[in-house]
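Each in C-alpha cells, the structures are laid out below.
Shared chain: chain A. Partners: chain B in the first complex, chain C in the second.
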Partner chain A sequence: MAHEATLPHLREVKGSGRAISSEEQALLTVQGLSVRFDGAPKDVNIVDDVSFSVARGKTLCLVGESGCGKSVTSLALMGLLPTPPARIVAGRALFDGQDLLTLSERERADIRGDRMAMIFQEPMTSLNPAFTIGDQIAEGIVRHRGISKAAAMERALDMLEKVRIPAPEKRLRAYPHEMSGGMRQRVMIAMALANDPQLLIADEPTTALDVTIQAQILTLIRRLQEETGTAMILITHDLGVVAEVADEVAVMYAGRVVETGPVEAIFEDPQHPYTIGLMGSVPSLGRRQGRLATIRGTVPPAELMPKGCRFTTRCPFADSRCANDPPPLAEIRPGHKARCWYAPLEEHRGAA
Partner chain B sequence: MSAPATNDVILEGAGLVKHFGGGGLFSTPTIVRAVDGVSVGIQRGETFAIVGESGCGKSTLGRLLLRLIEPTAGDVLYEGKSILKLSKTELRRLRRELQIIFQDPYASLNPRMNVGDIIAEPIWLHGLASGRDKRERVADLMRTVGLLPTHADRYPHEFSGGQRQRIGIARALAGDPKLIVGDEPVSALDVSIQAQIVNLLEDLKERFGLTLVIVAHDLAVIRHMSDRVAVMYLGEIVELSETDALFDNPLHPYTQALLAAIPSPSPTHRKPKALLQGDVPSPAAPPSGCRFHTRCPHARGICQEQHPALEQAPDGRRVACHFWREIQGAGAGSISAPPPSPALAKRLAIYRTWRERQDKPVATSP
Partner chain C sequence: MLRYIGRRILIAIPTLIIVSVLVFALQKLLPGDPVLTMAGEERDPQVLEYLRERYRLNDPIPVQYFVWITEAMRGNLGISLRTDIPVLDLILSKLPVTIELAIMAMIVALAIGIPAGIISAVRKGTTVDYAANVIALSGLSIPNFWLGIMLIMLVSVRWQLLPASGFVPPTEDLWLNIKTMLMPAFVLGTGLAASLMRHTRSAMLGVLRSDYIRTARAKGLLSRKVILKHALRNALMPIVTLSTLLFGELLAGAVLTEQIFTIPGFGKLIVDAVFNRDYAVVQGVVLCTAVGFIIMNLLADVLYVVVNPRLRHSA
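And then the complex of A and B:
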C-alpha cells in the first residue's frame, strides 16, 4: 500500500477500498476540490483546488469572510449543492475510504444524516414549524435505523437530555416557535447527533446567538464531541471561536485555502498576509493598542479575479509575480502550509 | 482614551421608560418593558457604548435618545432642553444635529434612489446648499467616507455591504451633526470591512468633533472604540463605567458573565469557564427584585424581593447589585488578553508598514 502514496492521482478513484497509509487516521480527506458556477467567467472556480483533512474525533475550522467558499465547500461534501448552477469540476473527498463525490444520489442520502450530519446558522429556518421537535428528531432516526416510531421517540428524548434541554419530555411535544434561539440550536445539534455520525459539519452554528448563549453551545459541542468521538468541520468567520475550539485550521480566501495548519501555528506563527491582516482587523480584548490594521478594499467579483494569487488586489506586499502566477500551498513547517510567494514575510519583505 | 474631564452633558435621558404592546381586543394585554427607568448623560465629545444581549433594550434606548420613538415616560434633554415638547418643524431642525447609522445597510437605503440623491437629501431638506454647491458637497462627503464621487449615479444594490455602510455614514454626516447614534453599525459586516468602518468612525469623530453613541453587542469593538460603557439587562442599566475599569474589574455579576463568555483570543489560553445558565427571561414578564437573579450565581434571598438601585461606587462607577462589594475581587470575568506572539507582532508591524505605503500610491518623493 505504501507505494500508492507516491502516486495518489493515478489511483482508481471509484471503488478504491481504503485510504493510503499516511491518511490512516484521517476520517475525511478532501483533495483538489473545485466547484464552478454556471455563468461564472472561464477558469474562475468559486471553490478552487481546496484540500484538507479531518482526523477522527478532531475539529477542523474553515475560516473566512463571506464569499470565500467555505459554505459551498461544506455543501459540496454533503451533496447539497444545487446542480445546476453549481458543478463539481475536480477533486475527490474520501470519507472513511469512500469517495463522496462519486456516490449516487441514493447512496448519498444513506450517508447524510447518518454517518455525516450538518447543522446550520439559523436554526429557525432549518426546523419545520409545522411539526413538533420530537417528530423532527425521530424522522431521521426512523429513516436510517429502521426502528419503530415509538423507539425513535425514545431515542429523541435521550438526545434532548444529552444536549441539556431542561424538561425534555415537555420539549419533545413543543413546536420550534415555542423555543429560544439557543434552545433551537440545541435541538438542531440533537437532531444531527441522533444517529451517532462520524462527522459533523457545523456552518456558523453560533453566529446568530448572543455571546453568553454562544459560550453555552460551544461548551456543549465540545463536551458531546468528547463523549461521542465525532469529528467536526466548523465553519466560522469568528477568530475567537476558532481559537476556542479548533485543532486544525484552514483559512480560506476567495475560494482557495491560503493557509492551513494546527491552531497554535496559525495563531502564534501566521504566514499568509490575509491571515495576518485578519488578525490585525480584530480589536484586542486587552487595552487599546492604536488603530486597527485593515485590509484594503473588498473581495473582487469573479470577472475581475486576478490570474495569480487571488489576494493580489488587496495585499500590501503584492507585485506582478503575485498577479500572474498563482503561488502553491507550500509547506512552511511540517503540517503548516501557506499559499504565498513571500512567506515568511520578514525574510522577503522585512527590510524596506 | 481621553474621557472628557468636564461634566459637559450634550444629551441626557432622564428616567426613560418604553413599554410596547397592549392586548388585542380579546386577549389579555402583554406589555413588553423594553426600557424600564433608564437615566444616562452623554458627555460632549465622548464615545458612549450601550451593550447587552438581544432583547435588553439597547436599540430601543438608542432610538429614545433621538426621539425616533416616543417614550412611555421620562424625558430627553438635548443641550439642557427637552426635545419631547418640540413641534414637528423644530424637531426636523434638530434632526440635523442628531443622526443615526443603522445596522443593516441593505434595509436602510432607498433602493430607488441613486447614491448621490440619498446623500443629497438631507442637504436639500435642511436647505444647506443647492445646485452646484450641493453636488460639490455630496462629492466631498463621498470622498470623506472613502467612496468614489464618480459613483454618485449608482444605486445601493451596486455596492457591497461595507460600501453601503459608508453611504449611510455619508448621509448621516450631510447635515453637519453634533451627535451620531450607531445602532450596531458594524455587526453585519465582515471582519476586514468592520475594521475599516471602525477606523472611519474614529477618524470622522476626531475630524468633525462628534459625539458618538454606539449600540452594540460585540465587546471587543466596544472596548476598542468607547470611553464609557453602559451594560443593559432586561431594560435596565446594571453597570455604567469607564471602559478600561469595566473590562479590568467588572463589578456586576452580569458584566462578569458577559466578559467570561467571550471566546479566548488565543488557543494556548483555553480554560474551562463558569457559564451563565439559561436564557434571558422575557422582557414581557421580567423577574421580581433584581432582574438578573434567575441566572446570577451569587443570588440570595434579598435579590428576589428587592430591586437594587444603581448606586455609585467610590470611583464614580455605577452598579446595580446588592452584593457588588462582596463579589468584586473574586477576579471573575476580568479579561486577560495575552499579548500577540513575537512572530505575529513582528509580521503585523511589517504588515502595517507596507499597508500604509499601499494607501499612498507611487508618491515616493515627499
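And then the complex of A and C:
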C-alpha cells in the first residue's frame, strides 16, 4: 500500500536506486517543497523546490543566512505557516511514510506536539504569560496522551528535571515572567520533548540567548536527543555548531537547497560556490590571513531574483546559462548533491 | 493581593475629595437661585432670608462645603428641595432599578460583543468579518432613542409582545419585571456591544499574532482551545477595562433610554432634579455616580491582577 503510494514520485528521481532505500530508513523525506507568499512576484517562491531527508535518530542541520527560507521550511513542515499569506504550492513531505502535506488540519494537529515537535528562536515570547509553566507543559501531554491532568503534571515535573531546571517543583507553579531566557528555553525543550517525539525541529534555539548560555542549551539538546533517539532538524547559521552536531547538512540560499550531504563532505569538499563562500567566512583562531573572507553582494530582492540559479548575482563562476536555467540538485558523489552547473568544481578549475 | 486592593482604595481617596469639591463648586457656579425656586410665587424677603438661613446659604462657601461633605460622609445627602424626601432615600429607591437595567444591558453587550469580536478576529478578512464590522458600525451609529422607538413600534405596538413602558419591581412580579426591562436592556446593550466587539477584535488580532499562540498550536492543541484559552485570556485586559468603564457609564444613568421607556431610574431622577433646580438631589446623584465610577475602576484594577499574573509581583 505504502509502496504504491510512493511509486509516481520514483520516476522523478530516475536512475537513483538509492531513493528507495534512503526513503525506507529516512524518518522525513522532503521533496520539491515550494512555498509562495501572496503578493510576492509571480514565479518567485519564497521556498523553492526544497528537498532533503532526515534519518531516524540523526541530526540534519539546515544552514543559510537569515531570510533564506529555513524557518519558512520548518514551519511548513510543522503546519504552522499562516495561510494566507503563505501557500504550499508543490512538494511532498513524507513523515514515516505519510505525506504531511495531504493531511487534514485535524490530522496534522494530532501529529504536532506528539510525533513531531518544535523549539523556537524566541524563548522570551514563546511562552504564554498568563499560565504557569506546569500548565503549559501538561496541556500538551493531556492533549496527546489522554491522561489526567495530575498525571500530566507528574510527567511535566519529570521533564523539568530532565532539562535540569533547579527546584523543578517550584518552577511548575511559576509563570514565564519569573524566569530568565535560558530557563524559558529549557521549558520550551521540556515541552517539545514531553511526548517523546520522533522528530524535533529546533529553529535557531540559541540565537536569542547569552553566549554563555548558548553552549549549555545546545549540549542539553544533544544529550536529550541521544537519550531519546529523537531525530532533529537544527536550523542555524552558526557553522561551528554545524560541525559539532550535524550528521547531514543542507545548505540553503534564497529559498533553495544549494547543497546537501554528510557533514564531512560539506566541510571538506564543498561543491557549491555559496557553500565555499560560507566556509570562507568562518572566523578562525588558528590562521589569521588578512581580512575575513565575505561573499560579495547581498541576496537579491524577490522581484530581481534571477530566472536561473539564484546565486548568479554573487557567484564568481556565473555565466549566461546560470542566469537563465536553474541547475538541478544533482548528485556529485553518493549522498552528496549540489545545485550548480559547475559542480564538481574541480573539473572546471581551468575555466574559472 | 489584599495589600494591593488596600493601596488602590487609598489612591481612590484623593480622587473622591477632588470629585466632591468639583461637584460642590459646579453647583455654586450654576445660574439660578435655589431659594427663589423653593419659595415659588412667594417673594417675601423675610421668607427668603429664613430659607437662606435654614439651608445655611449665608455661610462662607468653604464652610458650606465642609458642612455638606461631613454630612455626606455620615450618609446624609440632604433633603430634596422639591419633595422634602431625603436625597439618600431617593437615590436608594432609584438605584436598584438602574443597577438592574445596567446589569441586563451589560449581559446583552458581553454576550454579543465578545463572541462577535472573537469570530471576526479569527475570520479576519472574510465575509463574516466584514458583516460583523458593518453591523457593529450601524450599532454605533444608530442612536439609542431611535432604536428604542422603533422597537416599541414593532414589538409593543404591532406584535404586542412586550410592554412598551413602565416598571414593575421584581419583588412584585419577577416575570413582568424582566419583560419590561428586556427592550431597554437590549437597546442599551447593543450600543455597547458594538464598541466591545471592536475592542475585542483588535485585542484578539494583536494576541493571535504572538509567538505563544504559535507555541500553543505547535503543541497540537485544537483551534478552539488555542483561541478560547491562550488567546482570549491575553486579550481580556482591554476588554475588562472597557467593560467596567461602560458599566460605570450605565450606572450614571441611561438618561435617554430611561426617558423613552419611562423607567423610574437614575437617569430620570437626574433629569428631573436638574430641571427643577433641586440642588441637593443633583449633588447627591453626581457624587453617587462618581463613587460608582471609582468602584468600577477599583474592580478593573482587581480584575487585571486576576487576568494577568505579571502584575502580581508589583502588587
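Observations, loosely collected:
By definition in this document, the second predicted complex is superposed on the first by the 325 of 352 C-alpha atoms of A that agree within 3 Å, B and C clash if a C-alpha of one lies under 4 Å from a C-alpha of the other, contacts with A are read in each partner's own complex, and residues count from 1 in each chain.
Throughout what follows, contacts are C-beta pairs under 8 Å (C-beta built on N, C-alpha and C of every residue); 3 or more make two chains touch, one makes a residue touch a chain.
Bear in mind the structure is a predicted one, so any value in this text is a computation, not a measurement.
Because the two structures share chain A, they can be overlaid on it, and in that overlay chain B and chain C fit beside each other without clashing. In the superposition on chain A, A:A156 contacts neither chain B nor chain C. In the superposition on chain A, contact of A:A231 is made with neither chain B nor chain C.
Look at A:P270: by the touch rule set out above, it reaches chain B but stays clear of chain C.
Residue contacts after overlaying the shared chain place A:A215 against chain B, while chain C stays out of touching range. Taking chain A as the reference chain, the count of touched residues is higher for B when chain B and chain C are set side by side. In the overlay built on the shared chain, the residue A:L100 is in contact with neither chain B nor chain C. Here the apex is the CA centre of chain A, and the angle it makes with the centres of chain B and chain C after alignment on chain A is 80°, in steps of 10.
When the two structures are aligned on the shared chain, A:I189 is found in touch with neither chain B nor chain C. Of the two partner chains, neither chain B nor chain C is touched by A:L329.
Closest C-alpha contact of chain B with chain C, superposed model: 10 Å. On chain A, the surface touched by chain B in one complex and the surface touched by chain C in the other have no residue in common.
Those residues of chain C whose C-beta lies close enough to touch chain A in the complex are 210-212, 214-222, 225, 230, 233-234, 307-310, 313. On chain A, the positions that touch chain C within their shared complex are 78, 80, 106, 109-114, 117-118, 120, 122, 125-131, 139-140, 143-144, 175, 177-178, 188, 191-192. Only residues 65-66, 166, 180, 182-183, 210-216, 218-219, 237-244, 246, 263-264, 267-271, 273, 276-288, 291-296, 298, 316-317, 344-346, 349-350, 352 of chain A touch chain B when the two sit together in their complex.
Interface residues of chain B, counted against chain A in their complex, comprise 1, 53-54, 160, 162-163, 190-196, 198-199, 202, 217, 219-221, 223-225, 244, 247, 257-258, 260-268, 270, 273, 275-280, 335-337, 339-341, 343-344, 346-348, 350-355, 357-359.
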